[in-house]
Amino acid sequence: MPLWILPKGEVCTFLARLMADYEVIGPVAKDDAFVFASLRRPEDVRLDYPITLQSPKEFLFPPEETLLRFYLGQPPQVEAVHSDRRRILFGVHPCDINATWLLDLAFSQDTLDTPYMERRERTLIVGLDCLRPCDERSFCKSMGSLEVTGGYDLFLTDLGDSYGVEVGTETGNELLSRYALEARPASGEDVARLNRVLGEKWPRFTRKLNVEPEVLAQVLELTYDSPLWEELARKCLGCGSCNLVCPTCYCFDVQDRLKLNLQEGERLRRWDGCLLKDFTRVASGEVFREPRSARLRHRFYRKGKYLYEDYGRVGCVGCGRCVRACLVKIDPVEIFNALESSCRA
Amino acid sequence: MKDGKIQVHYLTRVEGHGNIHVEIAGGELRSFRWEIPEAPRFFEAMVRGQSYADVAHITSRICGICSIGHTLCALQAVENALGVRPSEQTLLLRKLILHGETVQSHILHAGYLAAPDFLGAPSVVPLVESHREVVLTIIRLHRLANEWCDLIGGRTTHPINAVVNGWTSLPTEEQLSALRTRIEAGLADAWAIVEVFRLFSIPDFRRDTEYLALRHPDEYAFYEGDIASTDGGTTPVSDYRKKVIEFIVPYSTAKRARSDRRPSYAVGALARFNNNYEQLSPQARKAAEALGFRPVCTNPFMNTVAQVVEVVHALEDSLRLIDLLLARGLRREDRTVQVRAGHGVGAVEVPRGVLFHEYTLDERGLVVEANLVIPTGQNHQNIEDDMEALIPQVIERPQEEIRLLLEMLVRAYDPCISCSTHLLEVEFR
Amino acid sequence: MKPRVAIFDFGCCEGCQLQIVNLEEEILDLLGPVEMVTWREAMSEHSDDFDIALVEGSITREEEVSRLQWIREQAKTLVALGACAHIGGINCLKNRFDLEEVRRAVYGEYAEWFDTAPTRPLEAVVRVDAVVPGCPVNRQELLEIIKALLLGKKPALPTYSVCVECKRKNNVCVFDKGLVCLGPIVRAGCGAVCPSFGNRCEGCRGLVPEPNLNSHRGVLAQYGLNLEEILHFVNLYGGCQAELASLQGREGGLR
Amino acid sequence: MEDRKIVSGSLYLPRMAEVIQVERLTEKEKLFTLRLEKGQALGQHPGQFVEVSVLGIGEAPISVSSSPTRGGTFELCVRAIGDVTNALHRMKPGDWVGIRGPFGHGFPVEKMRGKDLLFAAGGLGLAPLRSLIQFVLDERESFGRVIVLYGARNPSELLFTEELTAWALRRDIEFHLTVDRGDATWTGHVGVITTLFPSVAVNPRSTVAVTCGPPVMYRFVLIELLAKGIPENQIYLSLERRMKCGVGKCGHCQINGVYCCQEGPVFLYAQIKGLKEAIG
């Protein structure tokens, strides 16, 4: 699709027009960090953000959401809760676009997860390229997620005084023509500039795995009984932070809550995490992944192997959020590399 | 009543445990006591060896109702010991949350705990049926006060973010504006409560005593000031031990106090009203007028009425504080302090009266010595002296009536017994 | 018949009872499914016939033991309300001292008058059927526990850490703000309220069932706390936990 | 703006079902007969499960223990062990529950036709197997031998006692019963379920084995089955894990990389043999 150019000075106007018709979710500052939030004013947006605490996943799959509402009686009345908000996720980095793509698969394959898909289908994504690593923890290039081949409606690249805008979908095209009136088609010179910027971008990303993501599954297959898991488990606090910040973690728990009148209530789901001990506990008391090491291993297997086997894409996008959140710095790069070298040994 | 005993074991509708003992023989008052058997909690000892930074969170746990006051008083004392004066923003927010606590606590007392006495009910529960509108107004104000404290302090009981030399989080300007709107609406509710109190007949009993309260040149003092007395004169807070003299009686686990001049004195809403009437907000003065209430008033039963007036004041004054905050804009500030050895006293007007915290810190900032003087403790002797004066005046009445009157008297002081027993326990011998 | 509820308190600040008042209008809803029969702080009415006892505070005097035992005998369900009742809470700070010495040092000539015993959480004295942790209790959680009892559900608490709730709320971790936090080893349920307001979790809800204390001690040391400071921090509210755990034959708490 | 395809309905919305009959089987288990709203058929395959809701309490996965050949109602055999199951036990005819499903892979009955069937059920494990046993009995002529081994901890924990008696009396079923510990009135076999195996001879090539029971049981039963020479791809197990959604989303039931709810709960032993988390 053709490239467009949007002057940086016009971004706020573009946003303001979008905000009239959509809820626009974009990166904003919170203390010394950044989070995705519903924009109140266009100028709050911080397109220079390195990375957000949580990925924009929370707007497709909220930390807590009501699935059903019910009123008890004979028979009880139950209704599903639907969302019809039209939203734009604005300024989403490649890692999070890739993570969203994985969530889309997970929530649609075999059975449609209706609450997720309802939101997803009303959500447009305006991506934003990363020209340098967000910090020393990220390893997105190595996981193949610095690159996006789709999964966005529009995609912005910082060209200094303007953004290069690639159109990813027909909807994106309409968005551009209806709301970004100041955008103009790119000239040959613009295209050359884009290519130059992209050319400079890739070498800046140096942190990497010593193994191709597609081979990770095989490495893991061979290292199920590695002593590394035990070793890590001694450090691991079991706090679950890694699960809770990962853009591709989507496990959840479901609970009912009744009002005090004990007549009306709702059923809600909440983010859960496989590092938490009760994740596999059944009513008779068994915990199927009893030692912490087994739970830790399961997380890395899910990222490196299980999701890859199910969806053809590794479950880790290399955003580095988990290790940033981890107080004992359990780092996927170090772990995958250590496992890989133990395989070669 | 000619002969008999009045025993109120575990006085209800007060915070904490207190007993009343009265013995009457041959139509004469033989003995009387106001006992506090509440478990002692040793806070002065518990903070020893703890860091200056933890003192406020620890002493907050002295009392669930005035935890904000304890927190602020501890912070003030620690800051004085460290030689720190917090920023204007910090102080404005502290005053704002303190007003929130005042409203919360006064409404709890005047509305939930004392009003049933005037309406002839054993508790607020039956009032839900008989006086639903009044109860709902009380609840609305109480909710406002709590949500206000939740907003500023993170939690209405045991605030989270108030720390030495600042706050760990700030409300947003939008949140403050929204609070302002709600407080304006709250003022209307407060006036409805004033109207209700106009209808109550307050027992007529007077006894001359000394009233102590903080006084500040610029405002009706809550957060800081010098110690003022209705007997005249002021004492700087750092010299509080010259004015407030603590002592112990064997039948009570709470420490008591007398002043440098009198064997007992009173603190609390009435004491503040009597000392600082002129500085009440305009609407609060109107409310006092509507209630026919003027300083110096020596009827202890009027303490509850003074609380109602202070509710109006706290609401109206908060509008001023919020306007000041909004005009300045809220910003994150540096909170770092230089730790050093030192000694500091803090004094804050909490709902039940003036509260003192005093700490000595070592060079690592650990507490070496602490002394806490709690309002209810300061009132205990005054309560007993009131009883001594009141009983002979009503001794002809039936026992039940005397009992109720004595209960109402104690309750009028809104005694916070868990606070005042932070110190010790005495066995009967 | 509606369950009859009674509220009792031992050594504490009574802030947890206050949270019941702070339910505001919801109290009226609560009075639908239950009947309040004893609540000294708010009512003059009183009855010894109750089903559910909400008990606040910790045991700090010998004479309180029998009163607690009496409550246990009367109640079908005994609920420990708040940190003091649950894990001893702030009152445990007292146990750091030799009580004899404290009495003498602080009260000199009056020392003889004072009776005090080491602080104990309720569970160290009687069986406890349900717990509402926290200092003070979280009002919504209190309601959830009461509802669970009314519905015949297990009055279950989260078994995961405060960090989980902190992440659900998208907070900036206070470790990144130059503070230290107990969140990773403390039981969730408060909505990570302290980190949400920029302050550290001080562990008022007690430890998670299997805390990795060793590892977290290492973290705190790495962030600059010495051993004494670590002990003070972990034991700010939880000073009785180590003893309680050993009483129940499990691991937990730092001494 | 282009109109996107909009998802409707809800994956999590249960259908309502009325409790028609409640029968106490043991101290801890009750059998519920349910009928879906408007008389819809559940349409289950033997071995599948449903997510049962007691609204306000929660949802729990429960195997359908009746065969689809048995009419417009279906049966659930429920052990009272937690919130939902206890709430179910408090229900009476006329009360309503929510039903989602049926979910999961049941037993491949078509592949089993013509084969000898060896059932090994421990405790509550009989509940899911019963639907298949009923199915087989209803189409008895299309199956070979039917051998049922059933063990419970003690006589009072035996489920479906009337049905067991009926099975025992039938000539076309070889039925063996055991209890771990007998009591005063017990005259039958005593011992864990594996002690029943020596007395049954099978033709391994034509036998399909089906087993379900508590987690600890599988390992020992498998040893017996394999010892009899039954090939790994003729042994079916029905497994249980924590589940929240029943449709492979919530993540709880994963056994290594396999979703118990989707690919199971009925697994071929050959399929899960390599999964280290499958059998304790």
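Labels for the chains are A, B, C and D, by order of writing; each one numbers its residues from 1.
Just so we're on the same page, a contact is a pair of C-beta atoms (placed from the backbone, for glycine too) under 8 Å apart; a residue touches a chain by one contact, two chains touch by 3 or more.
Quick caveat, the model's predicted, so the values are computed rather than measured.
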Pair joined by more contacting C-beta pairs (A-C or C-D): A-C
Intercentroid distance (Cα basis), chain C paired with chain A, Å: 37
Rounded Å distance, chain C centre to chain D centre (Cα mean): 43
Chain centre separation (chain B, chain C; CA means) in Å: 25
Distance between the centres, which are taken as Cα means, of chain B and chain A, whole angstrom: 51
Residues of chain B touching at least two other chains: none
Multi-chain contact sites of chain D, meaning residues that touch two or more partners: 56-57, 82
Residue numbers of chain C (touch at least two other chains): 151, 198
Touching pairs among all chains present in the structure: A-C, A-D, B-C, C-D
Residue numbers on chain A that touch chain C, as the complex places them: 30-33, 35, 53-54, 58, 63-64, 234-241, 244-245, 257-262, 270-271, 273, 276-278, 292, 325, 327-328
Chain C residues within the chain A interface of the complex: 26, 29-30, 32-33, 143-144, 147, 150-151, 159-161, 163-164, 166-173, 175-177, 183-185, 198, 208-210, 212, 214-216, 218-219
Residue numbers on chain C that touch chain B, as the complex places them: 10-19, 21-22, 24-25, 28, 31, 36, 40-46, 57, 60-61, 64, 89-91, 93-94, 96-97, 102, 105-107, 110, 113-116, 135-136, 179, 193-194, 196-199, 202, 229, 232, 236
Residues of chain B touching chain C in the complex: 10, 12-17, 39-42, 44-47, 49-51, 54, 57-58, 61-65, 67, 108, 112-113, 116, 122-125, 128, 136, 139, 142-143, 146, 153-158, 160-161, 163, 167-169, 248, 250, 418, 424-427, 429
Chain D residues touching chain C - in the complex, by the definition given at the top: 56-57, 82-83, 86-87, 90
